[in-house]
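Below, chain A partners chain B and then partners chain C, in two separate complexes.
Up next is the complex of A and B:
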């Protein structure tokens, strides 16, 4: 997994690339820390470049959602396709994260 | 040199081991043996052993098991090189530190010393503080490596015990046979824990009214956390057997009990079905498990297992769906590693790919061996130890 954070105004966009799986746990937590420290109003996770997400990866989105609620920023997830989109739909996390 | 920082107490313990170490000093000259011995004993080492030639050194290594050897190179009968080579050829001594001391010191000689298996080198005349520093460093490394490999062995055996205990959560063969006999179904199952610990679980039980219940679940992530959660879920499930005839109610109760205690970011995807084996009527509810398949020679139908995984939110809206399993149809449930494992040609198999495999296999006839044939094909492209648990269960009607 690779990611790039871009910032326009108070809104951030994190563009992910590669797979989001169990082994990305540490870098994902670091990402959340980075986002929290920068006091954004909103952050969009762009998953267009993500091919695969496993259950641990979905868990990380849930952690991000909780972090957003605690810190008071808005998390959205966009661009999911293929396997990632079906996983989000199957687990209804699309309702929780995209809605 | 590797710098390994250890906590203070561990450090004290380590230094005690270092000074209690057995040191074998090998030199054909009595004066040199004496001098090295004196230097080490002044440095705090008490367990000193002496040999006056290579052959005696080899004998003493076998008999006395020293922790380090301080070795002269040029000796009349068996040289230091020979000692190094003999010791390294024996797997017992491949990690024994050998500190070679020699008067002549050409670059070629140094190369030969290390090529023959020495750990380190000090030149003669011996610089005493250097000798002490090198001996101490190699002994520290030796004891640290020992304690690390002890720790690793202990962890391995604990993990393997945990894997066995997890395996015990699965239905016993005798209870599966009972259900098979009562329902005239064949239950084909496969479960393989990952090389770490994982979080898969499946189970089946009888439900009053000629019915059987079957669930598969997968706790997110893997490792010790996921494995411990399977125990939590298994124990919690036992409390809700009174609603086992109603899949959605069962998931709802289970979720209500687990959601407050599940750590953030962890959850269980699950599928639970109740099958009336007289009529083939199937009632099921999903919590985000991979979509089960109804398989026959005509093809594959996917069951909708959409639902919020257990353990995330307080009130997910689980609902029952109805279907019918015809006598020539099997129900196949599996865990996500089957579709997510990387394929030889890159990418992953995916749900579509797996459906294609299952269709091919069921058309080829032997539907009752669907799971074993499918896994045979799966393991042709996968290493035998997987990064995640693998569960595959099929219910085959066996009437007539």
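Up next is the complex of A and C:
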């Protein structure tokens, strides 16, 4: 998994590429640290480039959501397609996170 | 047209009568009187035949009335049963519709959509539990990562302790050498140096123990990390497919159930409609009352005509002085045959044969037998006719038909 953070007026956009699975937990945690350090008002996870997400990846999304609530910024996801969109719908995360 | 031709062939025509009548001389009063007497005699014979015909027809009307009444009552009973069965069928359909839409789950009646919602909730709850577990596992993984950092820090500090201890040991060794070199004066210092070296050895041993323990912790963390990975890393594609399949199956069940209920509802409506139609049919059976009234009217009309003709025949017989009709003439038998030939229904023809070829009294008795329960009024009518046609004795004479007459009647029947 690779990610790129862009800042637009206090709102961050994280563009992911690749799969989001357990093995990406270190990178994902680093991402959360980066976001927290930059004090964004909101952050959108752009999942257009993500082909696969497992339960660990979905769990990390929930951790990110918890951290957002703790730190006071809003987390949204967008661009999910195919398998990823189905998984978000199955777990009802689309209701929680899709803006 | 064909029927009229047959009638002409069967019925004796005026010309036939005229041919059979004796030739009347235009200027002979006696001949004219003979012709008139002959004509009156035939009128009386015709009246006799018509009287028997009316009697037989009276019995036929009675039969028809009873047939209509009996059949109507039978049909009425049948349709009442049909209405009852249609009502039960309609109620049964309603029960099926109600039962088909509900499922008894331990005494709790649930609709199919409710069951589907319940199953979907259970499935979603399971998915959410898996997701919650993954989140918890990943939180633990993050925490363990932090522990690993701390453990590495501890290992680093142990290394520093070992380094310090190593230098301490060297210092103690140097101190021992210097103490030895100082001789007696350095003897006490040498004891201290030995103690320091022992301390250094103990510290070194402790550091090794710590390193060993920390390595064990690190190993445990790695092991836990792997376990958490197996817990958190679940490919939920199978669940996704299962959920889709369950949803499709449930939707198919709902659709099928809806179609089933629609068909049953339609059947119930048709049963109810059938019941109403049959109730209307039962109401229409009231035609029997009207038919009975019309048949009574026919019988009354026939009775009036028969009485009028009988009275006229009686008057004619008295005024003309003609002898009473004692036997069936050939002409009378031709008239009777003509009537019987027109009866296409065998059963009815038989009654006409019995009623018109036998004497009036026997015909009356036959009519009573056939139309079981003929009223006294019928008997009265027959007696009136008999009196009107001629004297009762005359009929009594006719009551014993000659063998010849019987034979002729039988021939006629066979012909027909």
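Operating definition for what follows: the second predicted complex is superposed on the first by the 98 of 99 C-alpha atoms of A that agree within 3 Å, B and C clash if a C-alpha of one lies under 4 Å from a C-alpha of the other, contacts with A are read in each partner's own complex, and residues count from 1 in each chain.
Definition applied: contacts are C-beta pairs under 8 Å (C-beta built on N, C-alpha and C of every residue); 3 or more make two chains touch, one makes a residue touch a chain.
None of these values were measured; they are calculated from a predicted model.
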Combined model on chain A where chain B meets chain C, clash or fit: clash
Partner chain(s) touched by A:92 [first = chain B, second = chain C, both, neither]: both
Partner chain(s) touched by A:26 [first = chain B, second = chain C, both, neither]: second
First (chain B), second (chain C), both or neither touched by A:42: neither
Touching partner for A:55 - first (chain B), second (chain C), both, neither: both
First, second, both or neither for A:83, with chain B first and chain C second: both
First, second, both or neither for A:63, with chain B first and chain C second: both
Overlapping segment of chain C (options 19-27, 55-63, 127-135 or 361-369) - the one that collides with chain B in the superposed model: 127-135
Those residues of chain A which chain B touches in one complex and chain C touches in the other: 22, 54-56, 58-60, 62-63, 83, 86, 90-93
Residues of chain A defined as touching chain C within the complex: 21-22, 25-26, 29, 54-56, 58-60, 62-63, 83, 86-87, 90-93
Residues of chain A that touch chain B when the two form their complex: 22, 51-52, 54-56, 58-60, 62-63, 66, 82-83, 86, 89-93, 96
Touching residues (chain side chain C, partner chain A) in the complex: 124, 127-128, 130-139, 141-142, 145, 229, 232-237, 239-240, 243
Residues of chain B that touch chain A when the two form their complex: 218-222, 264-267, 269, 288, 290-291, 305-309, 312-313, 316, 336, 340, 347-348, 350-351, 388
